[in-house]
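Let me give you the structure first, and then I'll get to my questions.
Read from first to last, the chains carry the letters A, B, C, D, E and F; within each, the first residue is number 1.
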Amino acid sequence: MRFDEAYSGKVFIMSNPSYEESKAVIYGMPMDWTVSFRPGSRFGPARIREASLGLEEYSPYMDKHLEEVNYFDAGDIPLPFGNAARSLDMVEEYVDKLLADGKFPLGLGGEHLLSWPIFKAMYRKYPDMAIIHMDAHADLREQYEGEPLSHSTPIRKACGLIGPENVYSFGIRSGMREEFQYAKESGMHMSKFEVARPLKEILPSLAGRNVYVTIDIDVLDPAHAPGTGTAEAGGITSKELLEAIGAIAKSDVNVIGADLVEVAPAYDPTEQTQIAASKFIREMLLGWVK
Amino acid sequence: MRFDEAYSGKVFIMSNPSYEESKAVIYGMPMDWTVSFRPGSRFGPARIREASLGLEEYSPYMDKHLEEVNYFDAGDIPLPFGNAARSLDMVEEYVDKLLADGKFPLGLGGEHLLSWPIFKAMYRKYPDMAIIHMDAHADLREQYEGEPLSHSTPIRKACGLIGPENVYSFGIRSGMREEFQYAKESGMHMSKFEVARPLKEILPSLAGRNVYVTIDIDVLDPAHAPGTGTAEAGGITSKELLEAIGAIAKSDVNVIGADLVEVAPAYDPTEQTQIAASKFIREMLLGWVK
Amino acid sequence: MRFDEAYSGKVFIMSNPSYEESKAVIYGMPMDWTVSFRPGSRFGPARIREASLGLEEYSPYMDKHLEEVNYFDAGDIPLPFGNAARSLDMVEEYVDKLLADGKFPLGLGGEHLLSWPIFKAMYRKYPDMAIIHMDAHADLREQYEGEPLSHSTPIRKACGLIGPENVYSFGIRSGMREEFQYAKESGMHMSKFEVARPLKEILPSLAGRNVYVTIDIDVLDPAHAPGTGTAEAGGITSKELLEAIGAIAKSDVNVIGADLVEVAPAYDPTEQTQIAASKFIREMLLGWVK
Amino acid sequence: MRFDEAYSGKVFIMSNPSYEESKAVIYGMPMDWTVSFRPGSRFGPARIREASLGLEEYSPYMDKHLEEVNYFDAGDIPLPFGNAARSLDMVEEYVDKLLADGKFPLGLGGEHLLSWPIFKAMYRKYPDMAIIHMDAHADLREQYEGEPLSHSTPIRKACGLIGPENVYSFGIRSGMREEFQYAKESGMHMSKFEVARPLKEILPSLAGRNVYVTIDIDVLDPAHAPGTGTAEAGGITSKELLEAIGAIAKSDVNVIGADLVEVAPAYDPTEQTQIAASKFIREMLLGWVK
Amino acid sequence: MRFDEAYSGKVFIMSNPSYEESKAVIYGMPMDWTVSFRPGSRFGPARIREASLGLEEYSPYMDKHLEEVNYFDAGDIPLPFGNAARSLDMVEEYVDKLLADGKFPLGLGGEHLLSWPIFKAMYRKYPDMAIIHMDAHADLREQYEGEPLSHSTPIRKACGLIGPENVYSFGIRSGMREEFQYAKESGMHMSKFEVARPLKEILPSLAGRNVYVTIDIDVLDPAHAPGTGTAEAGGITSKELLEAIGAIAKSDVNVIGADLVEVAPAYDPTEQTQIAASKFIREMLLGWVK
Amino acid sequence: MRFDEAYSGKVFIMSNPSYEESKAVIYGMPMDWTVSFRPGSRFGPARIREASLGLEEYSPYMDKHLEEVNYFDAGDIPLPFGNAARSLDMVEEYVDKLLADGKFPLGLGGEHLLSWPIFKAMYRKYPDMAIIHMDAHADLREQYEGEPLSHSTPIRKACGLIGPENVYSFGIRSGMREEFQYAKESGMHMSKFEVARPLKEILPSLAGRNVYVTIDIDVLDPAHAPGTGTAEAGGITSKELLEAIGAIAKSDVNVIGADLVEVAPAYDPTEQTQIAASKFIREMLLGWVK
């Protein structure tokens, strides 16, 4: 008596209703508690699923069809409102469970701080992992106005966890002077302003590595993704981001998980942000889940 | 591994996950194929559920809490795009099944034509039924530009099915001359412009009767419900509609099912239409499901 | 080879394509040059026509059908951008011509200053005329920051022209102290805050009189007409304005012409302002053109 | 070399640039950290000031002009992002200072929790004070999901501070069962759904009392104030709120301070919420500051 | 007594009021009956005309002025609501008539299926014709969910009519696997993702040919044209589309007619979609009508 | 008792509260009286300041921090509504004063005509000055419909003032034929369509020169700046404009002042226009004020 949930956008199109049979798991993390400027990414996962209704199931970029990938949409983790510490713990426990079950975790944010507990869970299973990070912001702060759990900090934490030499940032065009200095001195990789070209240059050196990919939707120019909390002019096109996703798919890295964060639908009455985001998720499923 | 669906607005708040245990069933009918002016009510049910997240579970109008009512949210019926005849058949079969299982059907539209198959299913079980209808439009046309399956026709069809003397319309302020003539001559009841006052006068005469209630959100003034396809100035306030819902709850009629239709979120960037609609659904659950 | 202009909202629905045969003439005045706060009423006439597509042609308020009234839609007068003095002259000449041809002029604004040249043309033909004025603002200033041609002045000018004792204002809730003092001392009639009740009391005293009616859409509360330049909280409902239009229709006054001004569509993404305005125009055609 | 700040809406119109000379002080509290549903009231004070540009300086409700009241606009208190406890302390200290200087405090929110530190400061100076509270929500919770500093709690805290018998709530239409029970049993006054009528009945009993007034903009129906975080259908009109403000002005109570909270501009593209709010502030200045 | 229709955007700027004297004819096709996702392109033609008011009449791209081209704007064909088959017949008859009168047909959509009857009429007159097609979607389906009259099918139908070897598609980035296979195997030309570069390579081979050009506005990235039903990320810029239009103008092909479809204004509150579309129409008039 | 004005966006972030100590002065010019299409840039300066709240204070483009530049934000010049001539005089007097005090003037518009009085003041102090102009429109008209004070004329006036050979326009893609002819014949420099590449070619020839830079936000494509009065498709990206600003900073020209005009927030609900504009202002401060 319950109707197919893909109908009317409750789950991502073509998802397999069985967790057990699936290879990848899509999960939402509707938290924006630590956002300093324009909040609203808590509604991102739901609107990305809804927009997936308008997608074709076949990709001419990958020459692949969604029926060739087996994935389950778990819905949103019920993160406790206003409690960042507990929310992050829940995400970490959940990803631990997914990894124990051999799943490929594909997270939908929510704010970027949510990548931090994912990193920790991934690292326990893949201690040799590298991180590819696409973003407008460096996210390399140690804290934000005294608060270590802030959406400006996850990549700095990642550097501490897996070593800065294993972190590769692309498209960065905003941050404090200290963040750019840290990037220069720490041994991490940072490509400013651009994504596809420098990524293609780096990928061969990552061949054979286990790589987690985290994408902040604001790596796109506001023209392509106005629906985000801290829009930053001077970004890349959605065409370039599709090219980057494709480059990873065609490379020899082993993608072990991924997330797409910071979609905040309230600031985009045209809905193009979630429409683009749902296409990126399709490409990630088709190109990265093997 | 699947998360609670009420979280992030996938089902109406406080719904019981078990169909079997439930007394009432909320179901969506995302169809707007026959709409002549501004389409978009296909997205109504999803946004009403989403808006239910902002509701209190207790009602000071009814002095009752949603945990006192047992209801299941079935999601949306997967109506075939563009095929009105088949869509109506599917709704009719579904309501037949609900009634066979002893459930109280609570439908979310979608366009008003969807009430027609519901009427047919209800009538098979309750051949003595009456209909209370709140709407800006008479919906008494025999056809619309040659098409008998139109959103302008369901109440005329209802008159044919259960007898015009069993149909009670309120708040009507738009229609063709022929529709108003039919209302006058056929023996049905029609209150123009107003809802709460005339309804309270009529209710005693319906005491003990089995009554189905259909509400078109455009009975409200566009100030209170701009998110609808054929907004019509001069309507009632949401306060008056809450009063009407309460009057039925306090009366001696036996409500056997209900629907709320024509919420079209795209025309209301303030979201107040679905916010109001979700409150009306809460009141209907609390006041009418016994 | 040219298609019917009523189709897709180029002219008001059901207008007669022949100027000669028509009794009333709808004309647009797309000027907002003297507006001090939020400009945009220059687009009002076009959007009112467009919204007329969603109207029923029959009115249950008047029990009358648009085919019973013969009117022509002349389009918009090509007022020269930025030149208020010349624009007003063009309106005056045009209304002179309409009156010479025996037409009932029905103007769509544009800003309220446009009523001033209409008053002058009407007065030449009807030296005994009275004016009924519904508005949030008194519009009784002598000038606005030194400028006598301002949208805050037309009713003061009208008092000078036809005598304050022949001017009746309703719904006023904003103005300078001097305007309210003038209203009290000059002998004009001013009803503050309310429209329908005081209007009904006044109408019998105007029986047999020639009356021009000017309605500023902001007499409505912003809840009912957000699409206007100087929205003012505390206004009347669209229901009350419909009641007022009906009261005039049922009275013994002889309406000689009318206008509806200050619809500024850009501030109302819900489109309810022009939807309501087109309904008021329908009622004015049905009730006032005899 | 610095230009007049009232120009372009930086301060409320007609404010006196001198703190020392002023009788009343307008201050903003741009905090929305504890909001559970739709955040954004942090931008409320700035947009209310901006909208004041469109106001007339004279009020026909009060027959008074803003030049008859002497007030200073202090701007917004720089509340530390995300730190509710410290923010509340800052507000309390600030109001203490205002009272020490003999000023009438007029606060602009921001979320409703901000009224709590104001109550504490007021109570130190006026231990016999009463509170008049207009709101859609009871705000009588002891805590919200474990958190005592929540926007659902300020009136409960007020009851604890000054005694429930000195708290008068109006317009309440949403809350938990426990809040309505508390209202009934505690000895406080609560009028459900309505404001102006019950307020007028109560006011004589408050004659001569020192009264602080706190208004949550969501006491208005969403039709009149869509720009708020937790819009609740079934509210009052802006006309009724103007009537209530006027009734207090005409009564014999001694208003000692006031606030207007929960204006969240992002949800209202028509801007009518802040337009109405700025009018209420004008009326409060004219009617309550003596 | 009727005013110039170009004034206030009723016809495309600078159109000649005489059908007889004109070389090209602009006509609107306000139909979106077969759209599966977001309807609304029925309002496209009217808003493109309205936006033409903001255009310069001279083009620095073409170094030409609109007064050098003679065109008539016929308004919108009154297509019968909901009846796709009859609507297509009407379009076909109309284009037949235009061609019989020696006119260059320039159609404004509405949905892309409307190009199908145009193709048929063109083919009768120009049996050697080729088609240039710019679009995000392949539109090569044989049917859509059983329905052969769908907006996903016109290019497949065109291949059947004029031979796939005479069909040239550019910018395609969405479709079913079967559509891309058909493109590969049938002998038609398809350039994926890009438009200007491959078009310039192809144009010499079309020298001297009669060519009809159909442009779906969604060939643009949603950043440049958010106002369309099925926005698809990863598209081209408006700069590239202007370059493509210019390349055709400078080539030796003989353009025999053209259309621009799928502008759906409701999804673009910035109005940039119709602003861009009106500029493309100007360029097509200046560059292609000879 | 007055709070920091940078808080809540009243002044541009990090501005020095002392005029005397500052090197540069930001001033707003809220005038749009001569705009022919979509008015609203009068609100541009206020929203650019507000958006500056979301900026980082450090720029990775310039590798510089705002604390390294000393600037004062003077607020908006109180230009008299509707009086263009007097407004321009006030701007000229104000810039004269700034220059007399040795300040670097950084103006925020407001319409482009406002650059004309600035040019005059600059020229008195720097008779050898050159102008770099980035814009979609040539602005080379002698008058607009008879009016010499129009937003289409400032660059033509500049040519008359400082000699066409000292004027360099970039990104131009709209104008009358006469304007392009003038550009060709007068000796001025005009680069059509592009900005960064031709600018970099020209800059060496301007080495050592005193240069004033005027930027019309509509040089950007509407995808990047929809919030402007006369949006023109086919423009540059915000990335290219950042590159152009950087190229000037790295060149050997001596920037003596600058303005950024035509931001009209009402047409951009995503707010990306003012977000981008505030970033451009930051880069201009960091790169051009020496």
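Just so we're on the same page, contacts are C-beta pairs under 8 Å (C-beta built on N, C-alpha and C of every residue); 3 or more make two chains touch, one makes a residue touch a chain.
Note that the coordinates shown come from a computational prediction; the quantities given were computed from them, not determined experimentally.
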Expressed as a multiple of 5 degrees between 0 and 180, the CA superposition of subunit A onto subunit D rotates by 180
Indicate whether more than half of the residue numbers at the subunit D-subunit F interface occur in both copies; give same if so and different if not. same
Between subunit C and subunit F, centroid-to-centroid distance (C-alpha), Å: 41
How many Å are there between the centre of subunit A and the centre of subunit C, using C-alpha atoms for each centre? 56
Please tell me the distance, in whole Å, between the geometric centres of subunit B and subunit C computed from their C-alpha atoms. 38
Would you please write down the residue numbers of subunit F that are in contact with two or more other chains? 221, 223-224, 269-270
Can you list the residues on subunit B that touch subunit D in the complex? 53-54, 56-58, 60-61, 63, 65, 221, 223-224, 237-239, 242, 269-272, 275-276, 279-280
With touch defined as at the start, can you tell me which subunit B residues reach subunit C in the complex? 37-38, 172-177, 180, 192-193, 221-223, 226-227, 230-235, 267-270
If you look only at subunit D, which of its residues touch subunit F in the complex? 1-5, 7-10, 19, 25, 27-28, 30, 43, 45-46, 50, 72, 74-78, 97, 269
